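Two complexes follow with chain A in common, the first pairing it with chain B and the second with chain C.
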Partner chain A sequence: MTPFYRDREDWSDLTPIPQNDAPNAVCTIAYDEEYVDAMDYFRAISMKQEFSERALELTGKIITFNPAHYTIWKYRQECLFALNTDLDVELQFVDEIAEDNPKSYQIWHHRQVLTEHYNPDSPLAELQFVGRFLTDDSKNYHAWTYRQWLIRRFSVWEDELDFCNKMVELDVRNNSAWNQRWFVLSASLNGETKEFSVTIEEELDYALAKLSLAPNNESAWNYLQGLVRLANKRGISGVDQRATTFAMDLRSRGSVAAPVHSFLVEMLEIINSEDAKSRATLLEILDDLSQKFDTVRAKYWQFRKQNIVL
Partner chain B sequence: MTHADDSTHTGNRPRNKRVKYPLEVPANLTLDTESHVTYIKELDNKKDTLEYWVTEHLRLSGVYWGLTALAIMGRKDELDREQVIEFVVGCQHRSGGFGGSREHDPHMLYTLSALQILAVVDALDAVDREKVMQYVLSLGNPDGSFRGDEWGEVDSRFAYIALQCAALVEAADRKYGVGVWRGSAQGTPKGVGGVEERVEGGERGGTASQPVDAPSTAPPPPSQPESLTSPPPPQPSPSSSSPHANPPKTSRLGRLDTDLIASWVLRCKNFDGGFGNVPGAESHAGHIFTCVASLAICGRLDLVDRDLLGWWLAERQLANGGLNGRPEKLEDVCYSWWVLSSLQILGRDHWIDSRALAGFILSCQDSSGGFSDRPPDMPDVFHTLFAIAALSMIGYPGLNAVDPVYCLPTDVSRKLGMVVEWG
Partner chain C sequence: MDSPDFLREKHVRYFKQCLKLLPRPYTGGDTNRMTFVYFALGALDLLGVEFDKDERDSIVEWIYAQQILPDPQDRGRVCGFRGAPFMGTHSRADGNATFHPYDGAHITMTYTAIQCLLILRDDLSRVDRSAITAGLAKLQQPDGSFAPIQDGMESDMRFLYCACAVSYMLNDWSGVDIDSAVRYISDSRSYDFGFGQGPHLESHGGSTYCALASLWLMCRHDTLREYVAATTKWCLSLQDQGFHGRQYKQDDTCYSFWIGASLHLLSAGHLINDTANIQFLMTTQNKMIGGFGKYQTSLPDILHSYMGLAGLSLGEFPGVQSMSPALNLTDATVKFLASEAVTWKRQ
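After this line comes the complex of A and B, so read on.
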């Protein structure tokens, strides 16, 4: 079949409308010519506000060329809703586009609009799709955001911590997976998760276990620091001490990892012990950071030291 | 460069904690200004490439990126001002919002780009600003968040866009008078560079067929139905002759309820001090910029945990000097802007090694002009702006200062009187 709409019998009722700010554009590559031809016919069909099978096909072609074209996605949605197209057929199309264009947020928003519109009884198929997708592209921001939306919208919390476990097993440094743990934890603490629950203490155990395996993991230390602050805010005692002892133990066993030491600086300031020994330890750690373990941020550590000495 | 001690933007807040680290430019690397100017000027002459056509939907932002980069390099006259204005005006939809190109649906992203371009070329009187604000207000949600377009995506970027649009419109109203623009009775005769010949069928360029607005001394016309819950503020009659007679209350910016918006932005704050695009989403340097700059415009930087977030941002610097956007991700030149501007707004920009960062940024220059995300990738105009803007913030010699809150040349935001406290 001809790649051009201008040569097709079923489109001959339309007069293509070229882009009006580029009358003299010279398209030397056939690929470009195909895209420009499709856009010319899109202008014509959208002028008529025609939401038909052929319009749906046309949007599919343009999206294949340019999946970030938000006007086309919007028009496609109007076609789908007007034609009441089968959701699975559309999702298959989106899956193909998503595979080649994981960073296009239009794709994820489109899925959300479809889920909202067709309102399936269970989000399971979608969650499985996002799960498979994240296995390949584990830090995809839009995919995680869509996953959170699905979980909240359908209130399906019970398996999410298992999913986080699986993602952390794949890559213990995946900050997105740690953020998702926090998403589940805070929902549980807020009473959003029905029968399912998780506690700060359980998460403390989990974080420490993962840090023993990979102490140079900024994401897990950030998570741990978040747990300490949250525990202190909620009056749960002992979390800060356990975390500090753990990090101090790594230091005494010769760790040179910057995150271990930056965590210790935070903890020693949070615990804010007045005794001379812990103050001396703090100053020593700050010097180690600025001179050895984290020299790219030396100015920051010198600043922290000044604040203490002054 | 004097912007490091420029006190205009700091309001009454003393900046005595700020330490200046004069940049030592890496000896083997310098900014090849001429190539970058040529690269940006040539962008519009690439109509025989697919890249030109598949970026059509965001052309308006492309013009903003290119023009602002030129302005920072002191070369904004390299683009034809009247042509730029004509293009922007032609992208306005009758709803008041702007599409990324002619005949494209309006979107918040391109609406801000349109106003930013007009601000840079000193032509905010070229469009009906009241219509723009009606469009922006129509996308507000009752909880203080904003949608990107009528399809409803919610993202912290859109809250920031609403705030900057309101700030630009308010500033322009002070300068030209409320309701005064080139198409109104009070404006100069309409038609900028033959705009009207280009408008077809009354579908686009709604600006050309708008009814005449009320005189500048009258109260602004009644607003469209708003989805923001709070009613419009009690408004004294604005007068263009005494622009500062009635400063807005602190919780208001035009018709935006800044307290409500700030409360939504705060919901995007995470345990690590950072912000995501929606509540619950992972901290991300790009969204941190939009949230921190939003709070700066709202006058609510007190809601940011400066030290915790400042540290998270400082940790974005990698051994090669470049910055990433999230932990355990690769460096990318555009984060030089998102991270550094946030740090500057928080008064913590001296926490990173600016010399190492300058070295990384300069290493991303393409030999034929433009910057890529990281070597050896191909350059694009998006990364070119954020590379040059970051170099300006660091204090690279010969560049004009850039405003960390608005990502506009500082002389533009200052002349418009868009003063917010930061640092």
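After this line comes the complex of A and C, so read on.
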């Protein structure tokens, strides 16, 4: 079959509309001729607002050339809804496109629009899809964003901590997975998660356990520091002390990991004014960071030291 | 004076070529051609290249042909600029325009079109300010964020920033509910003090830039005061040699701008390890054809090529013009924006 709509009998009723860019056009693109032809017919069919099988097919073709074309996706949605196309058929198409274009905003937005429109009783199939996707591309921002949307929209919190555990097992330095834990924790503390709940103390245990295995993990230290701040804000005592003792212990056992010391700087700075001994330790740690453990940020650690000495 | 490693002439040639014709892989950016025009013109501006009058006038006409003006039949369209005539529609100097029901303005295209006009020293006399700000108001969401088009796309920090930059350049904030926008930004601050694209999302170099620049443009950076130290630390933690956008990702040319500019907006530019950052950018510079790639092994593309130069500019690299981090324009162009040359300053 001809790749061009201009040669097709079943499209001969339409008069193609060219882009007709000005002679002084800037940043013109060396399009594929098939894309030009398909767009010419898209302009014509969408001008008439025809939402038909052939229009749907046309959008599919253009998307393979330009998966970021938001107007085409929008028109495709209008065709799907007018034709009442089966959701599974459409998801098959989307999965194929997503495989080659994991970072396209439009594809993920399209999935969300489909879920909104078809409104399944359970988001399980979608959550499983995103779960499989994240196993291969574990830091994909769009996939995590869509996952959070699904969880909120359908209020399904029970299994999310397990999912985070699984993702952290795969890669303990996956900051996206740590962020997702925080998302679950905040929702639980806000009473959004119904019968399921998680506490700051439980998360403290979890973070310390992971840090025992891999102390040089900035993501986990950031999470721990978030927990300490949150506990202090909520008047939960002991969290800051346990975290500080844990980090000091790593240092005294000879750790040279920058994140351990970066964390200690924050903890010790809070108590430095009252205690000469911790002030001396703090200054020593800042020197270690700028001279040995984290030399790329030497200027920063020296700046922190100046602020204390002054 | 220029560093012998910096291939200025090759960069000039690369961006001039981009301005004419982009190769086939750019088809994926067909709706965003205005951003490509901005990257090319912005880069040439950073390189200190001046345009002759004919060239300037010709590009200015093409940009104005993408402006969507108020519709005499009032079909309720959001005004602003489209990225290119991809729906076959054009606006003409006489005010007449062809109509297509799927034609529409995009907030990022409005943002980059105005930037391009300023780089070309146009007086903005044909920009329909009130139509654009009325359009912005329609795009703001109940949570304070912005959608880029009238309907059918996600809303997040990127488009909130575009709305702020447009309002700042037009010197008219009537299209933005500032309190609501500031609330969205605060809600998007993560436990590690970076900012995500929205509430609960992971901190990211790009969204952190958008958040900080928006606050700066809205003159609401006072709301940051108690977090400045922690956000500064988070930004600095993303430097290996160059910068990356999230923990444990690979250094990538564009974050020398996103994170570098964020640090400058936090008044902490002096804490960047410029030497390491510039060394990194020299490795992503393409020695054959000019431009910069995302990574050392990548071919150059127009976005990363612009961002590489912007990163060098923030590091006060010789031969690259100084810039304003919040607007992502050279200081000379921002000075023009502040001058009497711009139409509404004269009214």
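To be clear about the criterion, the second predicted complex is superposed on the first by the 297 of 310 C-alpha atoms of A that agree within 3 Å, B and C clash if a C-alpha of one lies under 4 Å from a C-alpha of the other, contacts with A are read in each partner's own complex, and residues count from 1 in each chain.
Basically, a residue touches a chain if its C-beta (ideal position, glycine included) is under 8 Å from a C-beta of that chain, and two chains touch if they have at least 3 such contacts.
Bear in mind that the values here come from a model prediction, so they are computed numbers and not experimental data.
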Overlaying on chain A: chain B and chain C, fit or clash?
clash
For A:49 in the superposed arrangement: first (chain B), second (chain C), both or neither?
second
Residues on chain A lying within both footprints (that of chain B and that of chain C)
19-22, 25-29, 31-32, 35, 39, 43, 65-66, 68-71, 73-74, 77, 105, 109, 113, 139, 141, 144-145, 148, 173-176, 179, 182-183, 186, 218-219, 222-223, 225-226, 229-230, 262, 296-300, 303
Which part of chain A faces chain B closely enough to touch in the complex?
19-22, 25-29, 31-32, 35-36, 39, 43, 65-66, 68-71, 73-74, 77, 105, 109, 113, 139, 141, 144-145, 148, 152, 173-176, 179, 182-183, 186, 218-219, 222-223, 225-226, 229-230, 262, 296-300, 303
Would you mind writing out the residues of chain C in touch with chain A in their complex?
18-24, 26-33, 36-37, 40, 58-59, 61-62, 65, 84-88, 90, 100-102, 104, 149, 151-154, 190-192, 196-198, 200-204, 233-234, 236-237, 239-241, 246-249, 270-273, 276
Please name which positions on chain A make contact with chain C in the complex.
17-22, 24-32, 35, 39, 43, 46-47, 49, 65-71, 73-75, 77, 105-106, 109, 112-113, 139, 141, 144-145, 148, 173-176, 179, 182-183, 186, 218-219, 222-223, 225-226, 229-230, 262, 296-300, 303
What residues of chain B sit close enough to touch chain A in their complex?
19, 21, 47-50, 53-54, 56-58, 87, 90, 99, 101-105, 107, 149-153, 198, 200, 270-272, 276-278, 280-284, 311-312, 314-315, 317-319, 321, 326-329, 350-353, 356
